[in-house]
Structures are given as C-alpha cells and as structure tokens.
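One chain, chain A, appears in both complexes that follow, with chain B as partner in the first and chain C in the second.
This part shows the complex of A and B:
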C-alpha cells in the first residue's frame, strides 16, 4: 500500500489507532480456522460510525479490501484478510450505549464482548439468550455478522432472532439505519436479514439494537450417559416428539468426553460412548416436570445413567465443559478441522451413524459433539496438516459428510458461516440459480468487491462427490 | 536478501522452540480474556498468547522478519501463565515462552552493558547464596548508614527510571541474620525448607516466621545447607541452562534426607521447583530425582492447611473486624493451581473479614523483574489493579511471593494509601494473627 494512502487512513483514525508493525500485521493474519493465513496491509481501530464511513470512502476510491474483525474466533476463515487490505477492529467501539427497559432492548457498539453483555443484562433481570461457545471473547458484531448460534438455540433461536436494528456503513460510504425498536415492521425488503450472517461482505455494521426477554426464574440441568451414540440420538428425537423443548440438548461422543475431562477434570466417565446435557428453564413446576420426563425418556432409551446435576455449580461446569469441546479435542492431534453440518432434528440418528461409517471408511479420527437438539453437529477431524496423504483422506471424508447432510435435507453449515473455507461447497447447497441470485445481490450492493472479498463466493465450486453404494 | 541476523534467529528458533508444542495451539482465542497484556493494550492481538505463539511459529518457519516489533511482542509477555489454565487445548505456553527467550538470547547480539548485567546477575548473585548475601549486605549498609535517607533527600535516585525509584522506596528493612530456631521433636511432618535467595536475604524475617509457625504446627523443619536460588529467574530470561545448573544443585542438596515435604514461601520459586521434573525429563542422571523433588514440593499455604492451621484459626477469637484481601501469585495459581488454600486461611483468620479482590488472579505487573524491564506496561497493569483495591478498602493486601509483595507496596505508595493499607506476605500476616504475643 502506498504511504500516501496509509497516511490518509492515519489522519482519519489518528496514528495511535493504526497498527502496521511487522508483528502487528502478522498478529492479524489469522483467525481460529486451521490452514488459512494472510497479511493485511494495515489494521485500523476507528472510534465511531463517522470514522468507519471515512475509511470505507477511501477503500471505495482506492479499491482496497476491508475485513471487519471482532476477536478473530471465526471457524470458517471469515476474518482472514486473504486479499490483503484493511483489517477493521472494533476495540474502540465496545460500549453498551443504552438499556431500554420499556421496549426491552439494548443498544451496543459491535465490539462489546458477548459475555459482558450477557452479564450486564442479567444484572438488570433481563436475558440475551444467544451464547456461542466462544462468548467469553467473541463480540456482538462478530455474532451478528456470522449469525452465531450457541447452546440455547433449541428453545431460544440464534442471533438473528434478537436483532432489532442495525446501523450500516454501505460499501460506497453511505450510512443506513435499518429496523427499529419495533414489534412489527414490513416497510420494504427485510434488508437486516441480509446483513445478519452476511459475514461482512455487504457493509460494515457499526451499531446494533438487540431484543431482550425476561430472565427465566429457574433452570435445571440433567445429564445422561449412553453405551451407544444411537441411543443418545434416539433420546433427542423422543424428547422433542414428546413435545418438550428444552433450552439445551447437547451431545458429546466418547472422544470428546475424554478430551474435555483431560482439561476440566470434573469426573466425566471416560468409558461412556455418548452423553447428553439437557437443560430446561422457566417456572419451577414446568422445569421440574420437563427434567423429570427427559430423564425418564433417556432411561427408557437405554441410558446407563440419567440424573439431575447435583448443584448449580456442577451444571455450570458441565456446560463449560461442552463449550471447550473443540479446543479440548485439539490436544489429541496437531491439527483440528471441524465441520458444522446440520440436518433436520428427525435425522440426527442417521447423521451420527453416517459420520461413524465415514470415519471408518476413510480411516480418519473423527470426534463428534454438538447441538443435538438443533440437528447441528460438529464432527471434528483430528489430523496432522503436515501429513499430505492423511489430509487427503480427511478432505474426502468431510466432502462425504457434507454430501450426506444435504441428502438428509440439511446444510453445509449451521452456525459457523461459509467464509473462505466452505465457499467451494456453497453451491452444493444452493444450486447454480441460488448462487446466481446471491451473486447478483452482492454485485449490486458491493460492485467493486471491497467488502471482505473472497468470502462466501468461491472462484471454483468443488466437484460434487459421487458416492458408490454397495460396492 | 535474508540478513545474517535473520538466518541466525530463525535457526535459533528452530533449535530451541519445539514445533510439537507450537502445533498444540489451534488459535481458538480462549486465552485472550485471561491475558493481562492483551487487556492492558486495549486488545492488541500482538500482545496476546495466541499472537505470540503465531509469531514464534512464524520465526521458526521464516514467515516473519525479525525486528524490534517482533522482539517487543515477546518481551512484553509477563510470563504469568494465566493463559495456561484458560487453554482447553493444553498448550504449554510457559515452556514455549521460555524456549523463545533462550532462542532470542542465543541469537541476539548483546550490548556490553546487558552482557555485564546478565553475567553479574545470573552467574554471580543469583547463582550463589553467599554472593546474594553480600549484595543484601550492601542494601543493609545502604539502609543503616543513613545513605538511604540522604539519597532520598538529595534526589540521587531521580537519575534512575521512575520505577527503580519506586522499587527502592519499598525495599524491606533488612534485619541481620539471627540464629535459627533449634529443632524440636517431629510430630506432624518432616519438612525441608527451601529458603529462596530473596526470601532468605531481603525477607529473612518472613523465613524465620515460616519456621516458627511450622514448628508451632508440630513439624520438624530442616534447612539443607547447600541450597541455591531456584533458577526461575534464569529460566524466564533465556538462560535455562544456568537455571538447570541451579536445579541440579538443589536436587543434590535436598536428596540426602527423607522429607515428607519440600516447602517454599515464594510462589515464583515454588512453580519452578515443581517443574524441575519436567525440565530435567531428558537428563538421565537427574530425571528420577527431579521428579521426586517436584512431587514433594509444596507451598506454605497448602502445608499450613494440611497441618491443620484452619482449625486453630477458627478456635481463636477476636472482636474487631477489618477487611483483608488477597492478590494471587500468578505462578502459584496458574502453574500449581493453588488459590483456595491461602483464601481459606484468610477466611478463618480471627479479626478479619475476607473479601475477594476483583481479578485477584490476574498479574499485578511485578512478574519477576518485568517491572524493571517494562516499566510502562507494568505501571498500567498496577494502576488497574489498584483501582479494584480502592473499591474494597482493605487494611491488608496479602500476597504469596516477594515480587508481588513489593509491587503491591509500590501500588499503595503511588496511591498515597500507606496509612490505610499494608501489603504483607501471608506468613507475616498469619504470624501476626497467631503468634505475635
């Protein structure tokens, strides 16, 4: 980047909010996705919407890529600046602006840490349910751009279900306010939906208003262990078909249980093939009844043990254990590649079985955990990026997992986003016309392709895997 | 063109920093909220564990050119290891940063002054307890002779960086060595006391009280003669070979008798002692002995708890209540996972109400000699620490490590709170509560 352009960025944000040393550029060259890394030209920390607007105007004029980044916990290479340019940080835009107790909304800047927000609203007797596993460090801006899920998605939905209004800087440097503190609003296209989960490819979000709900009075957690993955999966289906919608219905297989136990040391039984974490909240009577029923269903489906967590503390550590599953798994092998395949709830047992078969077929190590109640599984390949032959088998195994997920009426990603990593598979899910429609939206909003280029839209779609059955 | 320094540096990283440990990091970012420098820099990834690990890897792979900014990223690390308990992937960050410091130390051209200072510190004072004693005698002389008062008055210390001046102001008053208490009959445990070089000299009162209290609890206390500085300071400064030289000497010194415990009262030393086994795992002659040494190592609070001090505290009565709080020693907490024991002792101490300091587990900025090397960052961290202290209004801040103790004293002094708050070592605190009269 020419120094003249660099200087113009510097004069917008002030020199102390520019990072451009060798070490700094390197530190913003990655996120949490294995095998993706590229240096930005400059890292900027604007302080308000107007500064973002000025930055975008320069990027528009000079055709410089711009990648918004929260805390860099993305799992699909969505925040890696693979085309260089600007990495835009929100560490100076991290304030909670307003808690509106009459409309039950909270308005924040994008850099607010998810857990900080969650604690803040709970101190005020209110509840913000989306709780991605990385919530201790992830930002609300990142959550909105990725439409993050979490452990409470089954009952409470995902981030998009809580976004009421957004302020957006458009790729040509305009400012648009979308939505409002409204229960209803059908004035024109629902542009907010495009932005939520837009992965920073359509503009820069600079302010967010979120819906809050009353904090449930009671919550209780049950835990069940199984001798087979399928018994656990059947339990999930049975709970839902019995018309119980718990807050959390989380699943971990044997490999994951062992890895989590290695880190947490909370006494999980390493010999169990699968475990389910079942949480319900609400008023006391209903919670007690739902938990009782879920435990009974688990026993009926063959659980070796199904009990109520002894205390709030035990329940919290079980949930914490589930949240660290992915990172804990990574202690087993040098490289961890995780997937995010999602199927309709009714197909969860089939999907679990298919993943087991695929692991055997390609002789790769796959551990699975995830939001079983959402049909959202995280099969995680434990491998070594330096072993090309093994990586090749891993890739073929993952291709087949995507393929089966789509066959079962599912999708290639439930909550992690497409980013650059899954872009080659997106057409499998959307088809050619779906891709064309998406591309034409992108082109009309960001004709110069400066907003997080290279994400969502791949140069080439991966060749669809042909599966031979019965050979 | 790759410069000669770059080549040397890359080679040094390849030789010293283990690839396998680097590969353990999957970059999830769960360490970020635990890292004091990441928070103090308004979330600069360069000053986070994840950032530093990626830079170590980049140095190894030749993906980044060694320059001042890369060096600063490594130098800025406190070495507090708060990232380790936060890391689900089990990355051994402590090993990685120590290996990095060795790599840098070996490849970097040194100025003459730095060479002299290092040689004096690591081969002289911290290698030999007698030399440490001599150095401390100088401090004693300085204090007793009136020179201290004089220099303070004429502002001689203004010539030094502000932090040096603050350090000087809180140096403990050194008392001349007294004859140690004689041995009593063992009732509860045979305990070998690792006295620590600083604790045995600058803080020798605390050591005397440690022995008295252990004996009061019925333990037999033995002080092996040939013991030396634990070697942690060397290890943290890229001089691991010298650290291990001290380790072997200590293992020999403590090997002759059959002790139940090897107790220490300095969190920083204790962590390094407990890792002798890990550091010497490839040393055929020492690995078994080192392992045994580390297994027997225990910190003073844990030993007090084991020897039943809580019951004795509970049995005591006191009317007045004032607030006491606790600042964790990073290495005691993050390496040895000891944080409940000191708190339980404070909770049971008569005459005090224990209140938890917010972010007590986060580094105070002392970090060995970090506050001398990185005064600006250390000052920033200390200021936010003192903000929380002021909210609690304690009369005592209790610590478990000499560095933390001095740092908290500096904090109190900077805030002008010397009349209201005292920073004390946990042994001194308990001694005052129990044995004073």
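This part shows the complex of A and C:
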C-alpha cells in the first residue's frame, strides 16, 4: 500500500489507532480456522460510524479490500484478510449505548463482548438468549455478521431473531439506518436479515439494537448417558415429539466425553457412547414438569443413567464441560478442524453414525458434539496440518460429511458461516440458481467487491464425491 | 395480449384454469384497498411448481407482468395488477402436503387458507402462531409474501419467524429451494427473509415449510376499560416493564368500541375512552399469575374496570369483537381506509393522541385499534371516495400520521406491506441510501421488472409535510 494512502487512513483514525508493524499485521493474518492465513496491509481501529464511513470511502475510491473483525473466533476463515487490504477492528467501538426497559431493547456498538452484554442485561432482569460457545470473547458485531447460534438456539432461536435495528455503512460510503425498536416492520425488503449472516460482504455494521426478553425465573439441568448413539438420538426426537422444547439439548459422543473428562476431571463416565445435557428454563412448575418428563423419556429410550443435576454447581460444571468440548479435544493433536454440519433433528442418529463410519473409512480421528435439539452437529477432526497425506484424508472425510448432511436435508453450516473455507461447498447446498441469486445481490450492493472479498463466493465449486450405498 | 400468447398460457395450465372474460378480469382488478384498480389481461390457476415455472418463462420472454394473488385481502394495493398482465391464483395449489411431528414442521402449497392450517395443526396438538385478522380467508402464500403479523405477534412474532423452507420460481424461470427443516442454517445470504415480505416482486413462491411449536396448555383473557388513552398506554408499558409478555395486548379507542358494540351487541361500554384486551397462554400457573398481575397493573394505572373474562365464551366474544373491528367500522361510511402506522410501544399514547388531533385538524373521522403491545396501530379512516374534497383532507391527514410515526421512531407499515399505496412514502422511512439498496436488489433479481411491477418502488416519493410543533 502506498504511503500516501496509508497516511489518509491515519488521518481519519489518528496514528495511535493504526497498526502496521510486521508483528501486528501477522497477528491479524489468521483467525480460529486452521490452515488459512493472509497478511493485511493495515489494521485500523475507528472510534465511530463517521470514521468507518471515511475509511470505506477511501477503500471505495482506491478499491482496497476491507475486512471487519471482532475477536477473530471465526471457524470458517471468514475474518482472514484473504485479499490483503484493511482489517477493521472494533476495540474502540465497544460501548453499551442504551438499555431501554420500556421497549425491551439494548443498543450497542459492534465491539461489545457477548458475555459482557449477557451479564449486563441479566443484572437488569432481562435476557439476551444467543450464546455462542465463544461468547466469553466473541463480539456482538461478529455474532450479527455471522448470525451466530449457540446452545440455547432450540428454544430461543439465533442472533437474527434478536436484531431490531442496524446502522450500516454501505460499500460506497453511505450510511443507512435499518429497522427500529419495533415489533413489526414490513417497509420494503428485509435488508437487515440480508446483513445478518452476511459475513461482512455487504457493508460494515456500526451500531446494533437488540431485542431482550424477560429473564426466566428458574433453570434446571438433567443429564443422561447412553450405551448407543441411536438411543440418545431417539431420546432427542421423543422429547420434541412430546412437545417439550428445552432450552438446551446438547450431545457429546464417546470421544468428546473422554477428552472433556481428561481436561476437566468432573466424573464423566468414559465408557458411555453418548451423553445428553438437557436444560429447561421458565417458571418453576413448567421446568419441574419438563425435566421430569425428559428424564423419564431418556430412561424409556434406554439411558444407562438419567438424573437431575444435584445442585446448581453440578449443573454449572456439566455445562462448562460441554462448553470446553472444543478446547478439550484440541489438546489431543496439533490441529483441530471443527465442523458444523446440520441436519433435521430426525436425522441426527444417521448423521452421527455416518460421521463415525467416515472416520473409520479414511482413518482419521473425528469426535462429535453439538446442539442435538437443533440437529446442529460439530464433528471435530483432530489432525496435524504438517502431515500432507493425513490432511488429504481429512479433507476427503469432511467432503463426504457435507455431502451426507445435504443428502439428509441438511446444510453445510448451521452457525459458523461460509467464509473462505466453506465457499467451495456452498453450491452443493444452493444449486446454480441459488448461487446466481446470491452473486447478483453481492454484485448489486458491492460492485467493486471491496467488502470482505474472497468469502462466501468461491472461484470454483468443489466436485461432489460419488457416494456409494452403504458407505 | 395477443391471442397467440394467450394460447401458450392456456396450453400450460389447461383452458379450464384460465379466466379471461370481462367479468372475470374485473373481479381480479382490485383487492381490499379502496381507490386502486387495474384490469389484468389474464387470470391463471396453475396446479404445481412446474406450471408456474412455464408461466414465468413465457412472462420473461414476452416481458409480461405477473402478479401472484392469494385471497386479495391486501390493504396496500399489493395484489392489484397495476401494469396489467397475468394475475396468478393459487386456488389449485391449496394442499397441506406434510405434517412432520418429529421436526415440528408443516409443508403446504401457497393457497392453503391460514385458518384451515391453524385448525389442522391444533388438532395435532401443535401451534402455528401468526394470526392476521384476515386469517379466515387469507392464504399462507399471501401471508409469507406480506410477512403478515396478527394479534399474537408480541409474544410469538410474525410470519417470518415461522418460515423454514421455500420453493421459489425466479423471474427468469429457475427453481430454487431455500432453507430446510433446520433450526440453524447460515449457508450464504438469508434469501428467504428477502422473499418473505417481498410482496411478490422477487419471484413466485410455490411451496412453504413452516415451523410449528407445541400448543400452549391454557389460555386466559382479561379486559380493562379506561377513561383516558394515556392510562391505557401506561398500562401497556407497565405490563412489559414488569417483564410480562402476553400473547395479545389489543387496543380499541372510543370510536372503535362504539362501532363494535353497534355491530356485535356484546355489552361494551360506549363511554370508555379506551379498552385493552389482555390474553396470556402457557402453563396454568404462569397464565394465572400473569393475568392476575396484568389486571392489577391496569387497576393501578387507573382503569375504570379490569376483570378476568368470566368464561371461555365471554373471552371468545371479546376477541371476536376485536377481530371484527374493521368490519364494524366499515359499515359506517362508504369507504374505509385502514392504516398501519407502527411505533415503539413506549410511544403509543403520543401516537394515538396525535391521530386524534390530526382527525380534528383535517375534520375527518378516524378511529384507532390495533396491537398495542407491538406498537402496531390501525388508524381507520371512514370516508367516501366520491367526495374529492373530503378525500383530499383524508390524504393529508394520513400523510401527517405517517410523518409522525416516523418522527417517533416508527414505520409506515407494520404488517400490511407497501404495495402500490404506500410506495410514495417508503423513502420517508428508508432514506435515499436505503431506497438505493432495495432498488439495486430488485434490479439484480428481476432486471425486466416483470414481478408485480409498480409495487414497493414508486416513480416519485411524496413530499413530506412540514409539521409545526404542537400540531
């Protein structure tokens, strides 16, 4: 990047909010995704919407790529500066601006940490349900750009369900305010939903108003262990068919249970093939009744053990166990690839079984955990990127997992996004017509392709493997 | 339309499913909106997605406008064939295709009547919450295209919150399947949300999968009357601030109460300035507690009377009274114009008071009812389109209502859509940048502008009135 252009960025944000040393650029060359890396030209920390606007205007004029980045917890290389250019940080835009108790909304800057927001509103008796596993460090801006899910998605939905208003800097440097503190708004196309999960490819979000709901009075946790995957999956289906919608219904397979136990030493039974963590919230009578029924259903479906957590503390430690599943697994091998295949919940048993078969077939190590009630599974491959031959097998295994997810009516990503990593697979899900629709939207809003280029849209779609019956 | 082209449409759907007599074309020249009318060239009733695709291909080739239409209950002239061409009916695509009890979804063709679907799923212990006032005759396809709301929106959201998958025929005759029976899906842009509320301007929806939830066990209804609008509005705010989210929180002003009482004779007190209908559903303990609290809050805020409906029957008759508000009002004058201004719920009192002042100022008759918990108000103007001078005053009054709604952080339409009627006002809400974004999306997906042309995008934006303080 020419120093003249660099200087114009510096004059917008102030020299102290520009990073351009080699070490600094390196630090923003990757995110939480293995095997993807590219150096940015400059890292900027604007302080308000107007500074973002000025930055975007320069990028528009000079055709410089711009990559918005929260805490870089992205698992699909969505925040890697694939084509260089600007990495835009929100560490100077991290304020909670307003809690509106009458309209039940909170307005924040994009850099607010998810968990900080969550704790803040709970202290006011209110509840922001989306809880991505990375919520301790992830930002709300990142959550909105990725439409993040979390453990409570089954009952409460995902980030999209809570965004009421956005301020957007468009790729040509305009400012648009979308939505409002409104329960209903049908004034034209739903541009907000397009931006939520838009992965920063359509503009830069600079302010966010979120819907809150009353904090549930009571929460209880049950736990069930199974000798077979199928029994656990049948339990999930039976709970929902019995018209219980628990707040969480989390699944861990044997490999994950063992890894978590190694890490946390909380007394999980290593011999179990599967465990389900079943949580309900609401008023006391409903919670008691739902947990009682869920435990009874688990027993009926063949659980080797199904019990209520004895205390808040035990419940918290079980939930913490589930939340650290990824960290626990990632200790075992040099490289962790966390996947995000999602299927209709009726297909969970088939999907988990298929993952296990695929791991055997390609001789790779894959453990699976995830949000069973959502059908949102996280097959996690433990490997070593330095071993090319193994990585080739890993890649073929993952291809086959995506393939089967789609065959079962599922999708290639439930909550992590497409980014650069999944882009070659997107057409498998959407078909050529769907890709054309998305491309024409991108082209119409960001004709110069400066907004997070190289994400969502791959140069080439991967060839689909031919899957033979019974494999 | 040339007879050769007519014949090609006839050969797609079969001559018996084509309407082209003068009387038939006249019947589809208007919808539920006063003062908008245009004759179509042909009315077609296809039987499946493939026939829709063939029709769209002809329209694409010949540049013929195509207007999808459910039951024509649209209140913003969204289903008037403004530019002629084809009116597409779904009376042959009105089947419930599948109820999936494991994944809690129902898959339907667009022509299914909303209430028929609602009753069907409730017979299976499940619940489809969106309940537009027109649900007895409106279709699911229409609800999706308009993102319809209803009385239960406060607690359960709107149509958008329940759409899981769509089959779309694109303007160039492609078929795209979007979404799936999935709780989470972030594979690329949220095209579904763009189509929901897209008012038929981006393609034709031919199949819809909806999310269902368990049917709540118990439902109870409370009713409160007030001597002042402000007391009713304060009650609404206090209920929500006390962290109660009722399933309905409906408002009627004095004019509406009188009209409903004339029509229904259910014993509503004509002298009341306002009434609130407060309904809660859920499990018994929660419902009892919430209703008790809501009644106590209403009393505290100065209700002249606040009671629990004595019986299911009384509750049903009160709800029926609210549902017929529009019909009851429309008996009073030759022309009824139902508006749809929506504000943050904290601004309801200001908005209702402003509407009353505006009615006085322009000497027009406006009664207001609506979804108070949502801030979604329906100021309803009773007039006579044959009286040009009065209609001019009506129009100026409505302009001012939209203006104030936006000033209060609201929107020009909460649940009715933009259609042709509101198109000149849309820029008031979105600004020039917002309009540009929407136009570029429309242009990129429907470059020939054959999909319901003349809707959402007006040739010219209305000039905003200058509002003086205190008016």
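What we mean here is this: the second predicted complex is superposed on the first by the 469 of 471 C-alpha atoms of A that agree within 3 Å, B and C clash if a C-alpha of one lies under 4 Å from a C-alpha of the other, contacts with A are read in each partner's own complex, and residues count from 1 in each chain.
Assume a residue touches a chain if its C-beta (ideal position, glycine included) is under 8 Å from a C-beta of that chain, and two chains touch if they have at least 3 such contacts.
All of these numbers come straight from a predicted model, not from anything done at the bench.
In the superposition on chain A, contact is made by A:23 with chain B only, not with chain C. Of the two partner chains placed around the shared chain by superposition, neither chain B nor chain C is touched by A:310. By the touch criterion defined above, A:218 reaches neither chain B nor chain C.
Look at A:15: by the touch rule set out above, it reaches neither chain B nor chain C. Applying the stated contact rule after C-alpha superposition, one finds that A:91 touches chain B and leaves chain C untouched. The larger set of touched chain A residues comes from C, when the choice is between chain B and chain C.
When both complexes are overlaid on chain A, the residue A:31 reaches chain B alone and has no touch with chain C.
Once the two complexes are overlaid on the shared chain, A:296 sits clear of chain B and of chain C alike.
Touched by chain B in one complex and by chain C in the other is not one residue of chain A. The part of chain B that touches chain A in the complex is made up of residues 20, 23-24, 26-30, 32-33, 42-46, 48, 51, 54-55, 58, 63-65, 67-70, 72-73, 87-90.
Residue ranges on chain C touching chain A, taken from their complex, read 100-104, 125-126, 146-147, 149, 153-154, 157-158, 160-161, 170, 174-178, 180-191, 193-194, 196-198, 202, 213-215, 237, 240-241, 243-245, 282-286, 289, 342-346, 371, 373-376, 409-418, 422, 426, 429-431, 433-434, 436-438, 440-445, 456. Those residues of chain A that touch chain B in the complex are listed here as 19, 21-24, 26-34, 45, 71-73, 89, 91-92, 113, 134, 136-137, 260, 262-263, 324, 326-328, 330-331, 334-336, 384.
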